[in-house]
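Everything below concerns the one structure shown next.
Chain IDs A, B and C follow the sequence of writing; residue 1 opens each chain.
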Amino acid sequence: MEKHRHKFSLLKVLRENQAAQGSFLMSPTNIYSMIFIVLPLILVVVLSFLARGTYGEVVFRFNLTNYTRLFDTLYAKILAFSLGVGLGTTIVSLLVGYPMAYYIARAPVHQRSLLLFLILLPFWTNFIIRIYAWIMILREGGFLNSFLQWTGLIHQPLNILYTPTAVLIGMVYEFLPFMVLPLYTSLEKIKDAQLEAAADLGAPPWKAFLRVTLPLSVPGMIAGTILVFIPAMGMFVVPDLMGGAKTILIGNVIRNQFLTARDWPFGAAASMLLMLLTMAFTIYYTRKAGFGEELLV
Amino acid sequence: MSEKKPALWLRIYTFLVYAYIYFPILILVIFSFNTQKLNIHWEGFTLEWYNKLFQDSQVLLAARNTLIIAFISTLVATIIGTMAALALQRYRFPGYNLSETVLYVPVVIPEVVMGISLLVFFAIIKFTLGIATITLSHIAFNIPFVALVVRARLHGFDKSIEEASMDLGANELITFWRVTLPTIMPGVLSGAMLAFTLSLDDYVITYFTAGPGSTTLPLRIYSMVRFAVTPEVNALSTIWILIVFILLFIGEYAPRSRTKIKT
Amino acid sequence: MKIYRISLVFVLVALLLAACGSSGGAKVLNLYAWSEYVPQALLDNFTQQTGIKVNYDTYSSNEELLAKLQAGASGYDVIVPSDYIVSIMTHQNMLEKLDLSRIPNFANIDSRFKNPSFDASNMYTVPYQWGTTGLLYDPTVMPFEPTRWADLWDPAFANRLVALDDEREIIGVALQVLGYDKNATDSVQLEAAKQKLLELMPNIRLFDSDSPESAILSGEAWAGIVWNGNASLGYAENTDLVYLCPEEGCGIWFDNLAIPKNAPHADAALQFINYVLSPEASILITMEFPYSNPNAAALEYLKTSDQALYDSYMSFAGTNPPQDFLMKATPLIDVGEATTIYDRIWTEIKGGQ
């Protein structure tokens, strides 16, 4: 009997107290994050202030050299280049993916999950294999060149592979679903009533799109941008394989510190820098343009 | 959005994008039958690579591991991530900003960093590396992705249907189960599909948290490919696609026990 | 409810997969080696003979092996580190001492490979395979045939070279061209090497440690700085290809079997190592992965069991480098703290333009 009463009051608290409900829903994530994300990262922060020993092991000698090394123009250039690649990939993915998400959102309901599935299906093969397939297509004697030469459009094979263009093609290919899925969920929610109202008020389709559809799909665009821009900046596999490993992005620098140079403290410092930049970007972006609005509803 | 016949250019465009997505896959499949081991030029047709594949116990073990990890991590991450999305999108509570920031951390850090941090963490607490550590790591990076997708779906969610449901006498739990959840279900499923894909394909984080005997398909394939891309890897991909296609067909065309009323 | 069904299916499938095919092994060996380096047939034969099942996990570089072990990853019984990595590991006390009395097949190893500089008296390791780093090219497309590394700087090779994505090897080549030691740590010499490499960059089409021979076979590149295994694979597809050691010098490396400290199945590890050193097992390696084999008994065995393979092994510089090749080959030595200088040069070469 007593237990029953206890349970009742706990439920009562949850029912009436909005904040308690929110906390309750958030708690599994918080606990999980504390253990498997925050704690390990604290270890990395500590690591960034330590030093590298002769054999690449970690020496417990507090110092700031890892961070001062980062202020070199070499790393600034690399960081800027990585930002450029991330930005380029994001913009192209957005441009390529938006019409597609739009099409799927307006397709017959029973077709939608199939169409989405078809986008994701290739991603259930292995990422490395897909890149190798692209290499086969884009190389000098590859399919694209053979086809273009056969049709007579070009006479000399195009030098696409191992250039930044190839890297962009590969990156967009890998990140497209991350853009299309959030865009789709956003677009799919737009009610007909809103579009009909616009039409009733005399707006032509393109205006309805610009004034109604586009703004309402902004949350999807934000989610998509975050899901693409940030990993794209830290990517190293695609530039390695399709760019001929001739360019270094910040991701390569970090990877090299952990695997080749075995200078973990420096790698940790570089990671911290990248993390701070991307977190600042995310916080600023979502506050300004995104989820903050919910508060006013 | 409802269905309306989309403009022709849009249909052609979408078709072209699908072609862009699938052309490499086509190449992949065709070249799984190539007799040339280095798989650079087409030499002839053979099934030997498929044969080799089915005898490759390492690959089969890796496939099994990959699926277990993907299923479990997707399930857990979807539940936790959806809860987090609901919390952040509809409530204010103490520690809101901090929770939101911490949630998105895995999206924002380089995978190498996350991988290393987890490796060191597991080593310090002396947790043997294996399938468990990989799964725990996958859940960690899947939660924010699920949350992001579901949040996009929740934005602008019309609470009035929930209020209507409660006015009609249903309590919070029933309202959630019968009204809220079905409405956000497309978002939840999108999130789950994304999480599953991420887990299936993950290389970097898995690499750092894998131990003896717990190798996954991406790890195995990456190392097979380091030496030379033999058509065996293509054969593996082709089989994989085939299985997924079959599952998809079953999912789409299996008899449904109940029709649902869509809101 | 649809969600119920879906999640139920999820859980069931997961449990099903977990249940079937569990290894249940009391007798198990955890091998951690390069990928495409230990033939499955070898592992299967070992299991047949001893009843010990082998888990073969892979890494794709020495540094990855080192990184993982230094971070505390455990559970492995046998690893395959290269020469300079062995030095690092012994300095950090990461290896178990070998009881050579339990490895009688050690006698099969060619005496030239016993007692190496990085592991005197084979206290911690026995040889597995060895190889070289050299110049591979396709004479049918080259404007002229190179005999020195310096030839590769010729503008005729613009955008036609492939190089290993390995900072030590490539910076090493530049050092050798300038007449310095391949393992230099002097910052002046290294700076000069960096400048030299910057001049080479326009000629390099791509860096690739995975399969550089593919670029040469497909015609994208005409020549490359590669490992002998790559050269052999290329040669198997195109017998026109030439592999040689340029005048300024080239590289040589030795891979070894070792047991990490606190290996859970040390006894099985010794059995395995002994088996790998037997002629029947060793030729399996040569048949599948064309590196150079330090096992003299195995090569003798190969002569009788597969004459054709033996002949091609002996005649190709990739598998059997001639004496003048070997005399110019220098192994890599760990450069300690100078590793950060090498890394910085590598970053500048790739990212600084």
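Keep this in mind: a residue touches a chain if its C-beta (ideal position, glycine included) is under 8 Å from a C-beta of that chain, and two chains touch if they have at least 3 such contacts.
Here the structure is a predicted model, which is why all the values come from computation and not from measurement.
Q: Using only Cα atoms to place each chain's centre, name the chain farthest from chain B.
A: Centroid comparison gives C as the farthest chain from chain B.
Q: Counting C-beta pairs in contact, pick out the pair of chains that comes out on top.
A: Looking at every pair of chains, the most contacts join A-B.
Q: Centroid of chain A to centroid of chain B, CA atoms only: how many Å?
A: Measuring from centre to centre gives 14 Å for this pair.
Q: Need the CA-centroid distance for the pair chain A / chain C, whole Å please.
A: 35
Q: Going by the contact rule already set, what residues in chain B reach two or more other chains?
A: Only 116, 120, 124, 222, 225, 229 qualify.
Q: What are the residue numbers in chain A that touch two or more other chains?
A: Residues 258 of chain A touch two or more partner chains.
Q: Could you list the positions in chain C whose residues touch two or more of the other chains?
A: 218
Q: What part of chain B is in contact with chain C in the complex they form?
A: Against chain C, the touching part of chain B is residues 36-38, 40-41, 56-58, 60-61, 64, 67-68, 71-72, 74-75, 116, 119-120, 123-124, 128-129, 181, 185, 208, 210-213, 215, 219-220, 222-229, 260.
Q: Within their complex, state which residues of chain C touch chain A.
A: Residue positions touching the partner: 61, 63-64, 66-67, 70, 88, 91-92, 159, 165, 167, 201, 204-208, 218-220, 334, 336-337, 339-340, 342-344, 346-348, 350-352.
Q: Can you list the residues on chain A that touch chain B in the complex?
A: 15, 18-26, 28-30, 32-34, 36-41, 43-44, 47, 96, 99-100, 102-109, 113-114, 116-130, 132-134, 136-137, 143, 173, 176-178, 181-182, 184-192, 195, 216, 219-220, 222-223, 226-227, 230-231, 234, 237, 250-251, 254-255, 258, 264, 267-268, 271, 274-275, 278-279, 282-283, 291, 294-295
Q: Using the touch rule from the top, collect the residues of chain A that touch chain C in their complex.
A: Against chain C, chain A makes touches at 52, 54-57, 74, 77-78, 81, 139-141, 159, 161-162, 240, 244-248, 252-253, 256-263, 266.
Q: Tell me, which parts of chain B touch chain A in their complex?
A: 1-4, 6, 10-11, 13-14, 17-18, 20-25, 27-28, 31, 79-81, 83-84, 86-96, 99-114, 116-118, 120-121, 124, 136-137, 139-140, 143, 145, 147-149, 151-153, 155-156, 172, 186-187, 189-190, 193-194, 197, 200-201, 203, 217-218, 221-222, 225, 229, 233-234, 236-237, 240-241, 244-245, 248, 252, 262
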